[in-house]
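This is the structure I want to talk about, given as structure tokens.
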Amino acid sequence: MSYSDTELLAVVAARQLAGVTSVFAGVGVPLVAAVLAQKTRAPQLVIVVEGGSMGPRMVPGRLPYSTNEMRTAPRAQMLPGITDTFLFAQRGFLDVGFVGGAQIDPYGNLNSSVIGGYERPKVRLPGSGGANDIISLCRRVMVVTMHERRRFVPKVDFVTSPGFLSGGDSRRDAGLVFGTVSRIVTHLGTLAFDPESRRLQLESLHPGVTVQQVRDNTGFELPAPEHVPVTEPPSAEELETLRSIDPERNFLG
Amino acid sequence: MSYSDTELLAVVAARQLAGVTSVFAGVGVPLVAAVLAQKTRAPQLVIVVEGGSMGPRMVPGRLPYSTNEMRTAPRAQMLPGITDTFLFAQRGFLDVGFVGGAQIDPYGNLNSSVIGGYERPKVRLPGSGGANDIISLCRRVMVVTMHERRRFVPKVDFVTSPGFLSGGDSRRDAGLVFGTVSRIVTHLGTLAFDPESRRLQLESLHPGVTVQQVRDNTGFELPAPEHVPVTEPPSAEELETLRSIDPERNFLG
Amino acid sequence: MRSADFVEARRRLEAKPQSTGDKLTTLTEAVRKVRDGDHIAIGGCLFSRSPLAALMEVLRQGRRGLTLSRNLMCYEGELFMASKAVDGLMTSWFDIALPWGLSLKLREEVEGGRIRFEEWSHLGLGLRYRAGAMGVPFLPTLTMLGSDLMGVTDTKTMQCPFTGETLCLVPALFPEVALLHVHRADRFGNCQIDGYPHMDTDIAKAAATVIVTAEEIVDEEEIRRQPDRTVIPGLVVDAVVEMPYGSFPHECYGLYEADFAHFEAYTDAVKARGTGAVNDYLERYVHGVSGHEQYLALFGEEALARQRRCAEELLGPR
Amino acid sequence: MRSADFVEARRRLEAKPQSTGDKLTTLTEAVRKVRDGDHIAIGGCLFSRSPLAALMEVLRQGRRGLTLSRNLMCYEGELFMASKAVDGLMTSWFDIALPWGLSLKLREEVEGGRIRFEEWSHLGLGLRYRAGAMGVPFLPTLTMLGSDLMGVTDTKTMQCPFTGETLCLVPALFPEVALLHVHRADRFGNCQIDGYPHMDTDIAKAAATVIVTAEEIVDEEEIRRQPDRTVIPGLVVDAVVEMPYGSFPHECYGLYEADFAHFEAYTDAVKARGTGAVNDYLERYVHGVSGHEQYLALFGEEALARQRRCAEELLGPR
């Protein structure tokens, strides 16, 4: 069964949620992946959305466009206020967070604020939203993103959401004593951090992707192990379930 | 019409609430006074009780024994959590607070914690409850109390609830930038604070009470003006209304 | 007002005549409480329970020099920029939502240096309102630490005197005005909200003046029947206005879904004709109508009914 | 655990296997999660929605060396002292209420130096739970400043880095166990409370282990029908037990009023025979019964029905 890049990304992201109790997910591919996980390997998964929804059952074909609307609420278990929703993360109740960004650097720092300078930017982007909070407060955070050279840059123009900052212990030294960025999931493979330097390295490749292809799409040096594990391709069941969640392909492209 | 000391106290306390928008009241005489005020000079008065009740309509004959029970809630406008109820006071929304204590000193400091030392007291009293918070946070606080020599002491054994501390600017200097203790209402008269020294002095006498009688019941020196105003005696209407609020005399004694 | 100045903020409340009486008024009268230069905090979030009717009346009354704060700001921000009514925006995110792309109007204004744009994290701004609501100068948090948001906002770091850990302190925000839209209120301003609470209660308590529009004004006995549903007490509110569909074409939980087709038409126009299309929108929906009734007529009964059905399909009958 | 240590408190949560599954169990099993030496924070307030059934089971299981915290502590505190189950009490107020006079048992223990009694202001202790719930080491406040409570508690003062004002910092409290009684819950631990919220939600989020008894266990679809009534999510809860009249003879808002005649009989006995009467009460109501059903039988159907009627008279039918 053939599949698109976005579908592959959603399937691989969903698999990350096996055994996970709660996922703090934004709309788009992360949310689609979370719903897919619920319907496949993680029936116990509680989806948490920053607009203030815990444990909703998303309605296929009526996925939300934003984190704060009725479509995010159907048959939820609780609708806490937005601030309180993030405070659940700060206290440590939320297991995994999914975030993204316009730029990502070798230490997993994310930029969703500005291209260029902050004051008179070349491009003003929408901003942090909950990304800064999720990456600062959840137990484990994964970046879910398309893999493009313009996105994977040596240095982000602005650290909207802190990964490992300048590496080593710098995240801890800044006061971020909780949580960690565990992995970058892209449509080409997965990247993880060296446990000492906290720099990104290649962890796995998706079927048919080469190390060179990943490097060509990464704007900084990316070490790779000698033998890179290859991802199991999306199964027919995964793809069928995925497509039933977003039949109009609003988010699967 | 004759009346008891408690009835007099309740009537005089109620009159203090003319024009007041909200009163933070504890159970007993303060609450009875607040209900009386609502039914006489202060129909607009919102009663706030620390258990988390705003704007309830107390049921005559079923007044609450505590600040945290169903009897405090009938037809309330809102039931906020306890912490949030006090935070309304901290933010400045609550107009007048009524408090009491086992001991009161010339600066209006109150003790409801211990007689004797804190560690091995002679008498362990129930404790602050909300009194410390009310006196620290409401706009204006009045102490409502029976006037007894053992209560009006030169120095409280423990400052549970801060009045003007050691007088002058010491309350402000301790960080209590909001609120003030405006008056002590007793069954003998009312006391107020010298605007400079913040020491208590006699303000008014209830009908038939002499300055000497007040001084006999006060354990510290109490200055008095040359001509002390005399309180209007409780009217028949005030007394009848008061008695209808607590027909079983659970709180009117 | 200087942020974090909880003493001055409380003095303002104390200086204001407080009322527990009837606050029911017209939209025009209520919105007259907004002054040029005010900081307006906007309730709801993004396109959910936005006080759109009230915001459009602010524009109709021609206010200038405003600052708007809102956690996720939707195209109402574009309308205020196009009207030259705002000097500053404070938010964590500005856009309609994923499918509708970046805000061209925001880009034009910020990239052109024509507006102060202050970015906070979502929780960071939420805690600013909460600190304001609590009447304290700041709240401690771990969020924002280490990020470049620390450098462009009025945060401080401190060593925790109990644990030695580094903390971010976010200063309290005390807006001059809160504009909120709720499901029901009585004429004394006691408000009840269904579904998402968003940040409305914190915003209400933090602000100096609180203006509420409600889908429905109900008898006070209806509020008193379920006091545990009340989230904003009348003590906090200055004006309350009955305003059915007061968020439309944004959503109101359980009552009507957002009109996504309308968003689409709006952004299509901006894409096709540039940000001048925002001014066209203003002409038609804000200045071209005398008030909310005419405004709703532009959408038509059918659209309102359709969006009601969408909400019912999604969440069941109310 | 050291108070205010938010890092250690979070590590504890992270070390605990978290479950989103079925947590329905028996009272005996649920209460086995309480260990000797634990700090137990008690939900409800005074004689409202106290988790009495669970507290009595803690006594039945013979725990020792406990610390209890509760904002207003009622006679359950006397039962724990008479059982020699507690080393420390943390509260702002200890008594039944005005008409029943001072607690003789409390006087005996504190005046005799046999127990740690830590007094906070009502809000001060409330903010300790809230700081815990927020996962921060402290919260700033003006309350308690200037009073002698500052000297006998683990508070600190600081100069506000934004305004220069003096602030009281109350340290976060992270209890080992929260015991709560709620109106309804599903088997996953999603809880709904009617009427007074008291401090239950903060206590639940602050504690390492959360044990909930509920008047009624309902189908999860009933919770999901009104998610805006849920105040504690299942994610936070470790065990949930169905326990009708779980607060009796204390009250449960809207369902049954407190049995004041019972309070009267209890305090009369203490006044007549001294604090030995507390031990007699323990014998009869805690150790003399096998569990909650037998316990309720001591009061009798008629008393339960009467107290239900009282609630209905006061607040109307549910």
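A, B, C and D label the chains in the order they appear, each numbered from 1.
Note that a residue touches a chain if its C-beta (ideal position, glycine included) is under 8 Å from a C-beta of that chain, and two chains touch if they have at least 3 such contacts.
Nothing here was measured: the structure is a model prediction, and the numbers come from that model.
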Chains in simultaneous contact with subunit B and subunit D
C
Using CA atom averages as chain centres, what separation in Å is found between subunit A and subunit B?
57
With centres defined as the mean C-alpha position, give me the subunit A-subunit D separation in Å.
40
Report the inter-chain centroid distance for subunit A and subunit C in whole angstrom, where each centroid is the mean of the CA atoms.
29
Multi-chain contact residues (two or more partners), subunit B
53, 73, 79-80, 87, 90, 177-178
By the touch rule stated above, which residues of subunit D touch at least two different other chains?
7, 135-136, 141-142, 165, 167, 195-197, 225, 228
Based on which chains are in contact, what kind of graph results: line, ring, star, complete or other?
other
So, with touch as defined above, which chain pairs make the list?
A-C, A-D, B-C, B-D, C-D
Residues of subunit D defined as touching subunit B within the complex
45-48, 71-72, 91-95, 97-99, 102-103, 106-107, 110-113, 117, 119-124, 126-127, 129-130, 141-149, 152, 157, 165-168, 195-199, 201-202, 251, 253-254, 257-258, 260, 311, 314-315
Quick check: in the complex, which residue numbers of subunit A touch subunit C?
27-28, 50-53, 59, 62, 65-71, 73-74, 79-83, 86-87, 90, 113, 118-130, 132-133, 136-137, 158-162, 165, 170-171, 174-178, 250-251
With touch defined as at the start, can you tell me which subunit D residues reach subunit C in the complex?
3-7, 135-142, 156, 158, 160-163, 165, 167, 169, 171, 194-197, 225, 228, 316
Interface with subunit A, subunit D side, in the complex: residues 7, 9-10, 13-14, 18-21, 132-136, 186, 188, 190, 205-206, 220-221, 223-225, 227-228, 230-231, 233-236
How about subunit A: which of its residues touch subunit D in the complex?
21-22, 44-46, 53-55, 57, 73, 75-80, 87-88, 90-95, 139, 177-178
